[in-house]
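Heads up, the next two complexes both have subunit A, just with different partners, subunit B and then subunit C.
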Partner chain A sequence: MHTAIQVENLSRVFNRRGTAPFHALRGVSFDVSYGEIFGLLGPNGAGKTTTIKIMSTLLLPTSGRVTVAGFDVEKDYTHVRPLISLISGGETSGYGILTVEEQLWMFSQFYGMETHVARARIEEYLKVVSMWDSRRQQMNRLSTGMRQKVNLVRGLVTDPKVLFLDEPTLGVDVEASVIIRNIVRDWVREKPERSVILTTHYMAEADELCSRVAIINHGLILANAAPSQLKQDLDSRAHYEITVDRLDGEQLDHITAFMGEGNDLVLGSDKVAKSPMLVAHLMHESDIARLITALAEQGVTLEYMRKLEPTLEDAFLKMVGKRFEDEEETSPVS
Partner chain B sequence: MKKKLLLFLRTLNARAYVRIFGQMREATWVVASVLGGFFTMTTYIYLYRTLGTGSEFSGLVVLGGFMTPFFLNVLWGVATQLYWEKEMGNLELMLVSPAPLSAFLVGLSVGGAMHTMLRSLAVLFFGIAVFKVQFTLLHLPLALLVFFVTLFSMYGLGIVFSSLFLYHGRDAWRTADLVMEPTNVLSGSYFPARYLGLGLLGIAALIPTTLGLDALRQLLVPSFTVKVLDWRWELLILIGLGLVFAFIASWALRSVEYKARRDARLTLRWQ
Partner chain C sequence: MRGFLASMYIGLQIESNWTKKWVWLLYLAAYPIGSFLAVIILYRVFGQKTGLLPYALYGTIFYYSLSMVFFDMAFSVHDDREHYQTLKYIFLSSTSYRTYLCGRAATRYLIALAGIIINLCWLIPVLRLPFHPNWGYLIAGTILGYLVAAGLGLAVASVFLLTIKLDVDVVDALFGGMFVLSGALFPPTAFPAVFAKIAEFVPLSPFIELMRRAISGKILTSFLSDMSTFQLLGRVALSAAVLFALGWVLVYFGSRQAQRKGYIDVTTAF
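After this line comes the complex of A and B, so read on.
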């Protein structure tokens, strides 16, 4: 069994009084393998959180089927729950009057852990997130970043097979975000039977962590592939930015003719160095060698050159038609 | 089976811990609740003394003052708790865990009862010390039995309400508010429940505090004569009520969890 999660034709409709039914998911299918960090990307209201809620047994599907570690989340949810953990961004769960250590112990007990085992793991993970010294601090005195680190530890202490991370670095500073990402990556690598489902607003985070991402919008999966594949599918051409000492229109025409059809060259200027800057969109990666030769033949000296890589955000933008920042829709599942 | 029982007990213990030790850190709240209970009791004692009633009335008021915090705890600390847990974001985590909802509720009932016991004992102590109220200790073991059966029954009712309040969301607050005062009156916290009359007593008997208090007064206040029923019958009725509430609670929790998962009421806040 290599599939940690299998989602088949999943649909969810929310019926609200006085309004038309809201179709949050419309036949979503994907699977997640053990050892994988799988990302779900999409704007608000796209269906990410609804999918996570169904996978984590908090919500029933209207139709379709989801299995976690081979167990049906609808019928066998009592078998699913011991195997999973859920961590949401901006989470203020637990009780502010408890200390960090007490809070983590309390949650471990909800999984039936023996106290000495729980305490050992709490110590181990609190040290990993550099919070061992804050173990006796009350939860209501922690910063957002510290609280989110505690939430992460809470999710890991019970040693789940599947970890659901719903916007885990939301509102967290850069340093804490890096720590959280590193821990998640190391945690999955540590044991092959572990897997993570991640939803995030941060494309760089998904790009860095996920072996595959599914882009979801209006309850439909638009793409499901490795981030590198999604970026590659966006545009197969190679793009370069080349700053040179001099380049006029006549020289550019000669070079364009030399490079042939399909290769586009745009002349601009480097805003910092104020030198001419050539942006080249080449049919093949290898055409860069010909371009450099052509520039040299025109007596042009290269000052600086860099390859332009498409980002996951570009792929997202192309598929969804808007950036995360442009969102206005809201989901009924918050 | 053993694994399930251990999970239940560990969850119960952890949830009770928050109630017992966590809330001890809110010292001002503990002091305020003790003083509140004491002043209410004082008002009724002075009222009865002004009216020239017998000394047994002071005893029944002190017992009422002793039991009232438990009732308030059941209402605000158990019945509405699942709703608050949802608002705080804990309910999702409780449900995602393998522990049954009943273990959380029994845990917070046990923790709540133990925490409330300290406040109630403080009210009882002040009542005895300040107003020189006398109780007979001849039937103390029986009184303790009645007391614990009353708690069992009261908290059972609280768990039944908690599942209803969870499903009905924000109405829980208003419902608890609505239920509080009439229940206080019907349970005869500060007067003998028999004065309610037969009609109202029929309803009041469904509130465990009513018969529990009446039985305690019979066993601890020597000159108390205006009883509802003999304490033995009251004890039997309380045991019956407790078992019925436990059965309904167990069914209601499963049923409400299923319906809440179906209707997305576990994940929607402010609903």
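After this line comes the complex of A and C, so read on.
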């Protein structure tokens, strides 16, 4: 059995009094293998959290089917729950009156863990997130980042097979985000039967962590592939940014003619160095050598050059026709 | 079992962890005094001739042990969901939410009993209340009382799982209505015949009357006097079983409906 999660034609409609029904999910399908970090990427209101809520048995679907480790989340939820953990970001969950250690122990008991096993794991993970010294601190005295680390430890202590991470780094500082990302990556590598489903609207986070990403918008999956594949599908051309000491229109015409059809060269200026800057969109990676030769023949000296890599943001822009932030502004929040 | 004990633990921490232990013990003793004093004043000043003070005071005391549980259960749903934002994590853990609620109810019941015991230590000698306990009935009644309270609490919780706004008025109305109808404060035989008959079938009535008889060793009024204490115990056992089963089933349906509506993790900033 290689499939940790199977989502088939999942739909969810929210009926709200006085307003038209809101279709949060419209026939979403994907699967997640063991050992995989699978990302659900989309703006607010795209349907990411709704999907994760259904997969984690918090919400029932309107139609469609989800299985976790072969168990139907709607019918066999008592089999699903011991196998999963959910960690949501951007919230201050937890009993403020409990210490970090008490809070984690208490949740371990809800999973039937023996106290000595739970205590050993709590110690291990609190040390990993550099919070062992804060174990006797009350939850309400912790910063947002520290609370989120405790939340992460709570999710890991019970040793789930499937970990649902819903915007795990939302609202936490850069340092805590890096720690959280590293832990998640290491946690999956540790045992092959583990898998993670990550929802995020941080493109870089998905790019860095996920072996596969599904781009979701308005309750529809627009693409489902490895981040590198999504970026590659975006544009097969190679893009470079080259800052030079001088370059006029006449020289550019010569170089453009030399490079031939299909290679586009756009002259601008480097805003920092105030030098001419050439943006080159080349048919083949190898054309860069010809371009450098052409520039040299024109007596132009290269000051700086970098390859422009497409991002997941570009992939989103191509699929949706809007930038991520612009889409967020127009999306209803589910 | 671990889940049940952990929920008892969190219940205890929520109740007691806000201050030093001795202050909490003081609070535990002082908290119910207000309700008891109201009854004492009512019957000492205005109802001296009725001789109903032991009836009303014992009734109020044992009603308190139940009401604290179902009052607390309503709040625990909202507190866990809105304030602590932990309901969803409890809900999707291996422990069933019903077991969790039963654990919370057990703590609240034990805390209420502790408050009662502390207060009885001075109320009985100071007010010369009849005290000829039948320990067997008292212990059996206390155990069954937990099932009655937990059953009612589960039923209340099932309703609050499906409400986004915490409507304390509903709980207050339930609390007040049951207080009058259960015969805790005065014998329902004083009601018109129809209401008196209804009072006999309020599930809390036999429990309160059983506990009155078990602690005082007497039948204090004619309310339910046609039943022997043993028969009362049977009636309490029956209502405990029915209420607990009902509450258990209602939370199952309430949870499924809350899952359907998306209310398990809804936060409204109320």
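Keep this in mind: the second predicted complex is superposed on the first by the 320 of 334 C-alpha atoms of A that agree within 3 Å, B and C clash if a C-alpha of one lies under 4 Å from a C-alpha of the other, contacts with A are read in each partner's own complex, and residues count from 1 in each chain.
The definition used in the following text is that a residue touches a chain if its C-beta (ideal position, glycine included) is under 8 Å from a C-beta of that chain, and two chains touch if they have at least 3 such contacts.
It should be emphasised that the depicted structure is a prediction, and the values quoted were computed from it without experimental measurement.
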Combined model on subunit A: subunit C and subunit B, fit or clash: clash
Subunit B versus subunit C as contact partner of A:Met106, first or second or both or neither: both
Touched partner set for A:Leu59, first subunit B, second subunit C, both or neither: both
Touching partner for A:Thr243 - first (subunit B), second (subunit C), both, neither: neither
Which of subunit B and subunit C A:Asn263 touches, first, second, both or neither: neither
Subunit A residues contacted in one complex by subunit B, in the other by subunit C: 14, 53, 56-60, 78, 81-82, 84, 86, 88, 91-95, 97-98, 102, 106-107, 109-113
Subunit A-touching residues of subunit C, taken from the complex the two chains share: 2-3, 5-7, 9-10, 13-14, 17-18, 84-86, 88-96, 100, 256, 259-260, 262, 264-265
Subunit A to subunit B touching residues, read off their complex: 14, 53, 56-60, 78, 81-82, 84-86, 88, 91-95, 97-98, 102, 105-107, 109-113, 138, 332-334
Interfacial residue positions of subunit A with respect to subunit C in the complex: 14, 53, 56-60, 78, 81-82, 84, 86, 88, 91-98, 102, 106-107, 109-113, 154
Subunit B residues touching subunit A - in the complex, by the definition given at the top: 3, 6-7, 10-11, 13-15, 17-18, 21-23, 25-26, 88-90, 92-99, 261-262, 264, 266-269
